[in-house]
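Some notes on the structure that comes next.
For reference, chains read A, B, C and D in written order, and residue numbers begin at 1 within each chain.
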Amino acid sequence: METKILWLLPLSPLVAFALIVLFAHRNRALSHTLAILSVVLSWAGSMFVFWRALQVGAEHLAEEPFHSVINWLPIGNGFFRLGVQLDPLAAIVLFFVAWTIVMIFIYSVGYHNFGQPEGDHDEKGLPPHGATVEHNGHKHKVPSIEPMYSRFFAFVSLFAFGMYLLVVSDNLLTLFAGWEIMGLCSFLLIGFWFKKPSARDAAIKAFMTTRVGDVFMLLGIAYLYTQVGSLRYADIFNPETLHHLATHPAPVLGMSAAGLIGLLLFIGTVGKSAQWPLHVWLPDAMEGPTPVSAMIHAATMVSAGVYLTIRIFPLLAAAGHETAFTSPMPIIAFIGAFTALFAATIAVAQNDIKRVLAYSTISQLGYMVAAVGIGAYVAAAFHLVTHAFFKALLFLGSGSVIHGMEHGVLHTGQHIDPQNMYNMGGLRRKMPITFWTFLIGGFALSGFPVVTAGFWSKDEILSEAFGLGHMGVFWTLAIAAFLTAFYTMRQITLTFLGRPRTEAAAHAHETPLTMTGPLMVLAVFAVAFGWLGVPEHFPILGHMLPAWFQEWVGATFHGIVPEHGELTFSYFPLTVSLVVALGGLLVGWLVYRGVQRADQPDPLERVLGPIYGLLENKYYFDELYTYLLVKPAYWFGAVFTFRWMDRTLIDNNLHAIAYLSWRLGNFLRNRIDLPIVNGLGDAIAEGTKGAGRLLRVVQSGRVQHYMLMALVNAAALLALVYYFVARS
Amino acid sequence: MVPLSWYLIVAALLFGIGVYGVLARKNAVAILIGLELMFNAVLVNVLAFWRYLQPTGTAGLVFAVVIFAVAAAEVAVGLALFIAVYRRFGSSDVDDINLLKW
Amino acid sequence: MVTTFVFVLTAAVMLVAALIAVLKDNLVHAAMGLVVTLFGTAVLFVLLESYFLAVAQVVIYVGAIAILIVFSIMLTRRVGAHWGRQTNATWPWALLTAGVLTVLFALMVRGWDPDAVLPAAAGVPEDITARLGAALVDPNGYVVPFEVASVLLLAALIGAVYVAWGGRKAEKETQG
Amino acid sequence: MAFLQDPTIVVEWLRQLFLGWGLSPSLASLLLYVVGALALATGPLLWVIFLIWFERKAVARIQDRLGPNRVGPYGLLQPFADVLKLLTKEDIIPAKADKVLYWMAPILSLAGVLLLWPAIPLGKGIGGNVNVAVLYLVAVGTLSTFAILIAGWSANNKYALLGAFRTVAQMISYEVPIVLALLVPVLLARSMNLQDIVAAQDVWFVVAAPLAALIFFIASIAEVGRTPFDLLEAESEIIAGFHIEYSGMKFAMFFAGEFLHAFTTGVLGAVLFFGGWRGPGAEAYPLLGLFYLWLKAFLLYFVIVWIRGSFPRVRIDHLLDFTWKFLTPLALVVLMVTALLDKALAAAGPWARALGLLVANGLIWLVVQRWLRGVEKRLEPPMVAQPGQYPVARYTPPEPQAAEGD
C-alpha cells in the first residue's frame, strides 16, 4: 500500500504537466486546476504515507523502510533496479515538501493575477504591464493576467515531479535524475520572462553554475558505482561497505574513497545549494517569478542539496572517522560557515527585498552545511525543515508586498522599482495579513527566542557546534546569526514600519486570499514546527515537550554512523544565540526606523564607508568570475575553437575533402554515369520500345489469335509432359 | 467390351476437331459450335473414365452434370453476346470485332 | 461384338458430323452436324450404360443448346443469302495446332493397355441414377457443386437477358 | 390361350427361330430389336389413317356439317383416297430451298412422334420399360421442334420462317410447364419408369393431381400445336406457316405427324394420369390392358378434337403470357405443394393420400380463381391490340436490312 502510493507520488504532477502541455494550454482555469489537483493528490498521498510512517515508528522504519524495487535498466549482468524508499529522513523531507509545494501552487494563482483582464500591450516573455479598465466613469490601470499562465503551471508541475522523485528515490541515480529535472525547471522558470535580457542571463548563469557542481556530483556517483557496484542507499550505507570505502585509498589528495566520493557529491551540493564559491547564481535567480523564488530557490530545490549531504552523511562520517586519510568534514564545515557569514554580510547591504532574502537563504544553507560538517546532521535536518517553511513564507510575503506595490505603481503611474525597500514603508496598515505573517517569518529567520521555529533549530546547531568543540564554526555562525537578525529587522522596518515614502506605497493594498491564505498556513508551521524539536535538556520546556524530531531523524542512521557521546547542556550557546538574535533585531530597528525619504543613503554607509560599497557589490564576485572564467571561456570559444580550430583547421580540411569529392563526382558523371549507366538505361528503354513495336502485332484484338497462342503453348507443354512423364 | 482407349481416342479426335473449329471459323456461332464439340469430348472422357475406373461411384456422373450446367450457361451468355454484337456491329464475323487491337 | 460394331459406327458418324460442323460454310448444315454429333455422344453414353446422362444430353444439348444455336444463326442470316467463306486467315495455324494437340492426346491415351484389367468388370449398379440423385443433394456428397452450378445457371440467365436487351437498346440509340 | 396370358412368348418364339437359323445370340437380339421397332412404327401410322377420318367427322359434326361421306361407308375410305392423291401429286421443291434440310424436316417431324412410343407401356410386360422414360419423352419432344424449325427455314420463305420462329418460341415456352407437370406423377410414383408409374396408380393420379393433369393436357395441346394454339400454321395470318411450301408426301408426313402427335398426347395423358393399361382383368390378360389404354387415349383424343372444334385461336402474345405468367407459376406451386403434402402423407394409405392431395389442389384452384378474377377486373377493357403497338413485334426476327451487315 504505502509503496504503491510512493510510486504514485511523483506521477500525478508529471501527468498534469503532460496534460497541460498537450491539451489544456489554451484554458487557464483548466491548467491551474489540473496542476493544483495533481499536487493536492500528491500531498494527500504524502500525508497518508507520513501518517503510516508515524504509526510504524522511527526505529522500525529505519530498520526496514517502505521499499519497493523494479527492474529498470538492463546492464551487463542483470538489471539496474529502480525503486522507491521512505525512511525517517525522507519522510520528514516529504512532509515539508508536500506542504510547501501545495501552498506555493495555490499562491501562484493569485500571484499571476488569475481573473484579471488581459493586458493592454502584454506580450509573451515579459511580465504583465497592467490593463486599463473602465470603472464607473473614469478609467484606471489594474494588474493584468500573466500571458504565459498555463506554461508556468506546466513548468512548476514538472518541477514538482522532479522534487518528489528525488525524495522518494531509493538510489543515487534516480535522485540525480530528479536533481537534473529540477535544474532544468529552475533554468526554464528563472528565464520565464525570456524577453528580459537580465532574466535570460540569469537563467543561463544559474544553469551553468549548477552544471559545474553537477558534473562533479556525477563523477562522484560514477566513482561510487565503480567501488560498490550499486547505487542503492541500502547497499551503500551498511557498515561493511562503508568500512571498505573508508579504508580504500583514493588516487588524489590522499583521501579515502569515501572521502573523495563524499567530497565530489558535496560539490554537487555546493552548486545546488549555492554555497561559496558557486553561490553567484542564486541572487540573480530572483529574476524569475516570486513563487519560483520561494519554491525552487528557498524551500525545495536548494534544500535538496542539503538533503543530499545529509543523505550521504554516513559516508562522510565514515571518512572522517578514518584518521589515516584526510577527512572531507572540515572542508564542508568551513565552506558552510564561511558561506553563512559571507552571504549574511552581503545581505546587509542589499536594497532589493528579494535579493536580501536570496542572500539570507544562502547564509542559512551555509548554516545547515556547516552543521553537517561538524557532524550535527540532525540539527541540519531540523534547520532544513524549519528554514524551508519560514523562508518560503518570507518569499511569498515579499511577493505579496511586491504585488501590492505594483498595484500602487499601476494606480499612481509612478516609475519606481516596486522591489526596492526604500520605496516602501508603512505597508503594515495597507496589507496587515502580509505584515503579520512576514513578521512571524522574519522573527523565525532571525531566531526570535522560544516562540519561533528558527530559534530552536539555530540554537540546536549552535549548541552542537559548541558542544562538539568547533569554536571557529561556533563564533562564525554566531556572528552570522547576529547579522541575520540585523538585516531581517532592517527589511521589516524599511518595508512595513514608518510611513509610506512613495505614492505607490501609499496606494498599495492587500493581496487576494489565494496569496494570503498560504501565507497564514505557512506562518503556523513557521511557529509551531520548532516545538517538535525542543532538546530534552532545555530548561522547563525540555521536560514538557519531547524532543521528537531528534529521535525521529536520529533513528535514520542509527547504528550506521559513529555516535558521539551525549552532549552536556550548557547555557553559554543558549545565551549567545539569545543575545545575537535579540540584539540584531534591536540594532536593526534602531538604525533603520529613522529612514524618511526614498532617495536618502543607507545609514550604514556613513559607518562602514568603502566596505559598504564592497558589500553592496557582493565582494565583486560576479566581476571576478567574469574576468576569471567567462571572458577566458569566450576567448576560448571565439578565438581558439572557432577561429583557429574550426575556421582554419577543420574548415580547410573539409574544403579540401569537398573539392576532391566534387572532382571525383564530375569524373564519375562524365566518364561513367553518362556514357555507361545512362547509355545502358537508354538502350534498355529503346530495346523495350522496339520489342513492344515488334510484339504489338500479337495484340490483334481477335479472340481467336489469343486462343491460338494459348493452345500452342498448351501443346508445347503437353509435348514436354509427354516426353518426360507419360513415355517413361 | 470396347477398350477404354478407344473412347479416349475418339474424344481426343473430337476435341481436336473442336479446337480447329474454334480457331479457324469466322462466325461467332460457328466458334460456339466448336466449343460445344470440345465440351462433348470432355464429357465422353469423363464418362468413359467413370465407366471403366469407378463404375459404382457417382463422381464421374456428377462431374458430367456440372459440365452440362456450365455448357448451358456458356451457350446462353455466348449467344446473348453474339446477338448484342450482331446488333451493334451488324456483323457476326469476329474478324470485324477487334476493338482491343493495339 | 454388337456393342463394338455400334461403337465404331457411332464414332465414325460422330466424327464425320463433327467435321461437317467445323468445315461446312453453310452454318445451318454445320449446326446440323453438331446436332448429329451430340446424338452420337448420347449413344456413346448409352454404350457406357449411363442412360440418364444420355437422355439428359439429348434434352440439354439437342433440345436447348442446338436449337438456340440454329435459332441465332437463322436470326442473323438473311434467307438464301450467300454464305461466303467461313474460315479466317489463320486457319493453317489452327489446323496445325489442333493436329498437334490431337496427336499428342492420342499418343498419351495409347498408353492405356486395351487388355488392362479395369474395375469395369464390376458393372454399373441398377440404381445408379438414384444414387446420382442422392449424391447431388447429399451434404456429404456433391450438394455444394450442384448448388453452385445452379447459381451459375441463374447468373447466366440474367446476364444473357441483360446483354441481349442492352444490345437492343444500344441499337436503338445508334439508330435514333 | 397362353398368348393371351403372356404375349411376350412371341418374342421368345422369334428368338428361337433366328437362333435356329444359326445366328449369333447378340445378332438375334439385334434383329429382334429391328422387328420390334418396325412393329411399333407401323401400328400407329396405320392408326393415324382412321384418326384423320374421325377428326374430320367429329369437327364436321361440331360445325354442323356432314364431313366426309362419299368414299366408302360413312366416308371411311376417304383417308386412303387422300393418301393416294398425295402420293401421286407432283413433289415441288423451291428453287432456293436448302435441299438437304428440306428433305430432312418431314422425316424428323414424324420420327419425333414415333420415337415417343417405345417408352410407352402398352400392357403388363408389354411395351416400353425404360428407366428414365419421362425424361426420354421430353428429350424426344424436342425433335419435332427441330423438324419445324428446319422446315420453316429451309423452305426459304418468309411466312415459313415466321411460322418456324413462332413455333420455336411457343414450343420452348410450353416445354417448361410440361416438364413441371410431368414431375408430379414421377413424384407420386417415386420413379421415372412409366411402367412403375402405371403400377403405382392404384388410385389414378388424376385424382391426386388434377391440376397437374390439366396443365399437362393444355400444354401438350400447345406443344402439338393444335387449336386453340395452332399459331404455327395460322392460315389467316401466315398461310399454313412452316409447311407452306411443302406438298405431296412430305406434307402428308407433317400432317400424319401432327395427328399422331395429338393421339400420342392422349396416350401419354392416359398413362400418366389415368392409370395407363390398368383396368379390370388387365393383370391377367395384358391385351385387355392394351385395349383399356387405347380406350382412355381415344377419349382424351376426342376431348382434344372437341376443343379444336369449340375454341377460337388465341393471339401469340396471349399464348406466351399464358404459359409464362400462368401455367408455369401454377405448375411450380402445384409441384411444391404436392411434394410437401406427399411427404407428409407418406404413411397414409393410397386413398387417403389421394384425397388429401385432391383437397390441396382444390384449395390451390380456389386461390387461383380469386386471383384470376382480380386480373380480369384489372384487364378491362378486353385485350385488343392497340394500333401502333403490336405485341407480335416482340417475336419477329430483325428486318432484312439489319442483316445487311455482312
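Keep in mind that, in the parts below, a residue touches a chain if its C-beta (ideal position, glycine included) is under 8 Å from a C-beta of that chain, and two chains touch if they have at least 3 such contacts.
Worth saying up front: this structure is predicted, and the values here are computed from it rather than measured.
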Q: Give the chains in contact with both chain B and chain D, ordered by label.
A: C
Q) When the mean CA coordinate of each chain is compared with the mean CA coordinate of the whole protein, which chain is closest? A) B
Q. How many angstrom between the C-alpha centroids of chain C and chain A?
A. 95
Q: Mind checking the centre-to-centre distance between chain A and chain B? Centres are C-alpha means, answer in whole Å.
A: 91
Q. Any idea how many Å lie between the Cα centroids of chain A and chain D?
A. 111
Q: Could you tell me the distance, in whole angstrom, between the mean C-alpha positions of chain B and chain C?
A: 5
Q: Please list all residues of chain A that touch 2 or more other chains.
A: 704, 708, 711
Q: Name the residues of chain C that each touch 2 or more other chains.
A: 52, 56, 64, 75-76, 88, 90, 93-94, 97, 101, 105
Q | In chain B, residues with contacts to at least two other chains | A | 19, 22-24, 86-87, 92, 94-95
**Q.** Contact set on chain C toward chain A in their complex
**A.** 88, 90, 93-94, 97, 100-101, 104-105, 107-108, 111
Q) Which positions of chain A touch chain C when the two form their complex? A) 704-705, 708, 711-712, 714-715, 718-719, 722, 726
Q) Once bound in the complex, which stretches of chain D touch chain C? A) 24, 26-27, 29-30, 96, 98, 100-101, 104, 130-132, 135-136, 138-143, 145-146, 149-150, 153-154, 156-158, 161, 164-165, 168, 172, 175, 192, 397-398, 400, 403, 406
Q | Residues on chain B engaged by chain A in the complex (per definition of touch) | A | 19, 22-24, 31, 94-95, 97-102
Q.
Give the list of chain A residues in touch with chain B in this complex.
A. 696, 699-704, 707-708, 711
